[in-house]
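For clarity, chains are labelled A, B, C and D in written order, and residue numbers in each chain start from 1.
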Amino acid sequence: MHDFRSDNVAGAAPEVVSALATASIGSASPYGADPLTARVTERLSAIFETNVAVFPVATGTAANALALSALVPAYGAVYCHDDAHIMVDECGAPEFYTGGAKLVPLPGANGKLTPAAVTRAITRAGVGVVHKVQPAALSLTQATEAGTLYTPAEVEALVEAAHSNGVAVHMDGARFANAVARLGCAPADITWRAGVDVLTLGGTKGGCLAAEAVVFFNPAMAEDFGFARKRGGHLVSKTRFLSAQLDAWLTDDLWLRLARHANAMADRLAAGLRDRPGVEIAYPVEANELFVRLPETTITALETAGFQFYRWDDALVRLVTAFDTPAAAVDAFLEIVAASQEKA
Amino acid sequence: MHDFRSDNVAGAAPEVVSALATASIGSASPYGADPLTARVTERLSAIFETNVAVFPVATGTAANALALSALVPAYGAVYCHDDAHIMVDECGAPEFYTGGAKLVPLPGANGKLTPAAVTRAITRAGVGVVHKVQPAALSLTQATEAGTLYTPAEVEALVEAAHSNGVAVHMDGARFANAVARLGCAPADITWRAGVDVLTLGGTKGGCLAAEAVVFFNPAMAEDFGFARKRGGHLVSKTRFLSAQLDAWLTDDLWLRLARHANAMADRLAAGLRDRPGVEIAYPVEANELFVRLPETTITALETAGFQFYRWDDALVRLVTAFDTPAAAVDAFLEIVAASQEKA
Amino acid sequence: MHDFRSDNVAGAAPEVVSALATASIGSASPYGADPLTARVTERLSAIFETNVAVFPVATGTAANALALSALVPAYGAVYCHDDAHIMVDECGAPEFYTGGAKLVPLPGANGKLTPAAVTRAITRAGVGVVHKVQPAALSLTQATEAGTLYTPAEVEALVEAAHSNGVAVHMDGARFANAVARLGCAPADITWRAGVDVLTLGGTKGGCLAAEAVVFFNPAMAEDFGFARKRGGHLVSKTRFLSAQLDAWLTDDLWLRLARHANAMADRLAAGLRDRPGVEIAYPVEANELFVRLPETTITALETAGFQFYRWDDALVRLVTAFDTPAAAVDAFLEIVAASQEKA
Amino acid sequence: MHDFRSDNVAGAAPEVVSALATASIGSASPYGADPLTARVTERLSAIFETNVAVFPVATGTAANALALSALVPAYGAVYCHDDAHIMVDECGAPEFYTGGAKLVPLPGANGKLTPAAVTRAITRAGVGVVHKVQPAALSLTQATEAGTLYTPAEVEALVEAAHSNGVAVHMDGARFANAVARLGCAPADITWRAGVDVLTLGGTKGGCLAAEAVVFFNPAMAEDFGFARKRGGHLVSKTRFLSAQLDAWLTDDLWLRLARHANAMADRLAAGLRDRPGVEIAYPVEANELFVRLPETTITALETAGFQFYRWDDALVRLVTAFDTPAAAVDAFLEIVAASQEKA
């Protein structure tokens, strides 16, 4: 039975695997001085409609922590949502890479920050006061940890709250593809056109084996990044093997096609669950994650049937779909739910 | 023409690529809780004839820096060779991961440390003196940066110089396979049986795409390692894709077969160069690297012919062979050398 | 008019200054190997009724951050009150000294943590989960930032919540003297007898020029501390000049006598303010700090009269008394308050 | 008998102690917002004939490490003499404060660096190569650890070697007063006029209790320094007590008068030792330190007589004079030397 625990339990897309095989033959310059890496930069510059500086790395935690380290001094504060991955799931990697900056968690409904909360936090921070960590970065997650999305206008308003106070903006885009696929907007609309300074674009959850890209919309900000990446041990010597993944993933909209499938599977789950008695979907389903309260008997029935998922909090269950989630698995899941309710 | 710049310009072995393709299908637990990762630990425990704790990561720099961070406090000193990769080629990654420990370079002929130099350094370090960084680790490189090897007895003597002073021993094994292949010893003989505490076993240069393993012979030393790895952004979410590489590479002695080929190509180069007039091989050729002084006309002829290699220092040229270096490329190289000398 | 902004606006006690003058003559071994430093350890061992390891430093921020660094790995979590000095007033010094540990703020009425809040935070932290920072230390402030106190029983219950989960306990004692003076207990009762592992004992606010002591009740925990202190630049070369201050301050209960005066002045302020219309004392007055809501006209009248104090939050004013606060200054303050109200 | 181990075994100058006593009365703004601190900046601006940014701290190690952290990124290299205090006597404090930068020791006769050595190191460093730490700072010690001096022209030439390669220059001036007193030059001549960017000016060894000043000649470089100092725990809350020391020490040339005495006592020692049989003065005596090879019998006789000094290396003895070294102590020392030789 299917594993809905996370999109990182998924395998890798055949196109990506095939590109790796092709890239595995013959010599190439190491450390990113290869043609595939150059091509990834070109592709991303085209996709984002601006010249970007691109740094492939192997993990999302590295991408986030390194990106933040480019924006934040050791005495800086990073504002993020209470539930942000950088806050709760990276074992302090951002603190490590920034030399001990402070992450300041902010509340927000549906996993989303509000400009008011950001403004309030910054204005109370004690700018210029030597005893206080100094506002330095705002980190947005798109799609959020709650499976919701910021619209372009929402991103823009959040950036404005940050930039007007001299605070840079990072976007954790581990599921950026899901966001773009759903919003139907240009990738630029929710990044640099809305003012985002640096994006960590996640390929791994979207169909790569292990490939993320730190994307700077203002290449000047990336001046020291190469050294930071090397020093963190994240300059892969045969970088072409990261780039081959990203290149294939970004070709012919594969990244968006895979994301659309994942989103569609989440929708299918949501549609099948929405009006069931005793079932409550906790947040709007806007990407490929579903948080849902289920009756205990239903949870047990699903587990007995072999489905895997995380219990987030008591009755709250998280279901994540991926590029390779079969519709049949969703349907089988829904059947168990239905059956468990008929019995009850 | 062939690229002899480094073994990281090589591609990847077909067996490894094929294993990745196989592993790419279907779900698996993330973060190393998958069967392939378990199998790598089993394989390495068998290969090393003892239970080891294994942590796959994507780069050698990460493997080295993380391994050292498990041995060394921030106020510690790490003794290594003047030319050690951790000293000169990692942009301070060991300093970063240890919280600012000090690398103390020691001289040594043919890229090799001597017990006397190690003992002298430790005894002059000021043990217990609060103003001095404290001796904490010795890092050996096997094969060395000069393409030479430590025999089991040499490793043992160096470890003794360290351990008798309470100093732990790390081995940078980016080219460990080449060493084992050449020495014909058991892997244990140059590691834990000789007293080495932790090995960074390099797969990338030996035929993987990007896969290294930190191998602890004393698992108690690895207690905090999982947190350090995560915090460094080196816990790959789909870890199976690192493990699939290592698993294939370690199966049926593939790692040693590939290393033997690389070593043989270095021998072939050395044999063809050794008695040439004006040619001087700087160090014993014991692994897959050759440092050779060539007449300037010869260097120019080779470059003109399209061969790639690094000039280490004026007339000193480094040639590195790999698992996929064709014998024909070696022969073509030697022909150019011969031709350039006939002309002169 | 008087400056009630903080007890660090005060000068230094004559006994302490005099001891410095005496100590300034002649030679002494540097770096703490002098007789005065030995005597401070003796005095503190007597005062605490147990053998303590003592490390004098010049600032409270250093004392706190270094003490925490002895308890907490870089991947550790430190639990503290929302308003703790280490959380809000040290510009990330604890993060710096611990290599980037995470401070986890907990709420609590009257500036005090509760065992329930501590237990809840630890049990939800994800012990052993590699993605989560690991519970490592609880930091209590005594007297608290709200000018309140933990009783011995309260300290004991908090320590139990920590220790039963393998979490060490630090006490920020910048105003420890005020706490002991008020509680009338043995210093041991609110420290090691209640389970506290390490105390930062503040001399500066209590009448020294610049002298704090990190006091380990379990000297084994201090093993690396000397190196950490040196490395942080906090090993004062002429350490006798820190020790001379502490020695004088700890002689004949001077530290308690000075604290009693400060406390009495806070009481005098509280007594004069308590039943005034429109005046509200925010927290119990248990040490030498008073948080009070005053009518805006009263605040203006006080400022016009030349009194200095901090506005904490709108109408909330903080008044801090010190060892040298004259009773007359308190009375003058209260007269302005009274006069401003008669006018209104 | 006298203690010649170091100038940090000395007490404090009466003028400095007296200033502390005066400063101890009454209130003052904390954290450096007091009149004495402002006056120190004025005095130093006058002494250096330019507007300087001044940050008092309590230790030389902190002053050095913090100053370097303002010049050097974590991936930077700091060039210094083999024997520099920052290299061998600070337990890695510069590494700690810079986030793990690498100190690169360079040889040089008489404790002095040469422009050629600096240039050679920088040009071989691999500027722009991501695998290499990047040249960032040159640290000069004035007076040097060998008790020698750089002339203004020598400083200028060294600075040129650094600046022409984009490398900033720090001067460790723990014994800067001794240098100025001897050279008879303007303080500006061996600092900013010669191009030095930041000086750590040592008061402690020269007659203060514990007071050093980080002096930026280009205040723009000090932009983040206040945060770094706070974060390191080096912002003393009652900063006036550091400033009172420095203010008194800098008044009416006291700093130079005290240094002249120390220098004269070193000269007196040198004069008495110079032509003795079996005695060899290792380096030119240009400040207040003397390195001298003595016959073992003489060393024993001196120790028996109760004199204290460090054996630097076998027969090499270091003698340090201070502001309070009595001429009689020097003469008594010389008498023992003479007597021990007559016996022999």
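In the analysis below, a contact is a pair of C-beta atoms (placed from the backbone, for glycine too) under 8 Å apart; a residue touches a chain by one contact, two chains touch by 3 or more.
To keep track of the chains, here are their UniProt names: A, B, C, D = L-threonine aldolase.
Being a predicted model, the structure only gives us computed values, none of them experimental.
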**Fill in**
By Cα centroid distance, the chain farthest from chain C is B
**Item:** Chain pair, A-B or A-C, that carries the greater number of C-beta contacts
**Value:** A-B
**Request:** Quick one: report the Å distance separating chain A from chain B, using the average Cα coordinate of each chain.
**Result:** 34
**Message:** Distance between chain A and chain C based on Cα centroids, please, to the nearest Å.
**Reply:** 42
**Complete:** chain A residues touching 2+ other chains are 74-75, 90-92, 96, 99-100, 130-131, 227, 230-231, 235
**Asked** Looking at which chains touch which, would you call it a line, ring, star, complete or other?
**Response** complete
**Fill in**
Listed in rising order, the residues of chain B that touch chain C in the complex are 31, 73-75, 99-100, 130-131, 134, 224, 226-231, 235
**Complete:** Note: in the complex, chain D contacts chain C through residues 2-3, 5-6, 8-12, 14, 16-17, 20-21, 23-30, 57-66, 90-93, 96-97, 204-205, 209-210, 227, 230-238, 241-242
**Request:** Could you please specify the touching residues of chain D with respect to chain B in the complex?
**Result:** 74-75, 88-92, 95-96, 98-103, 130-133
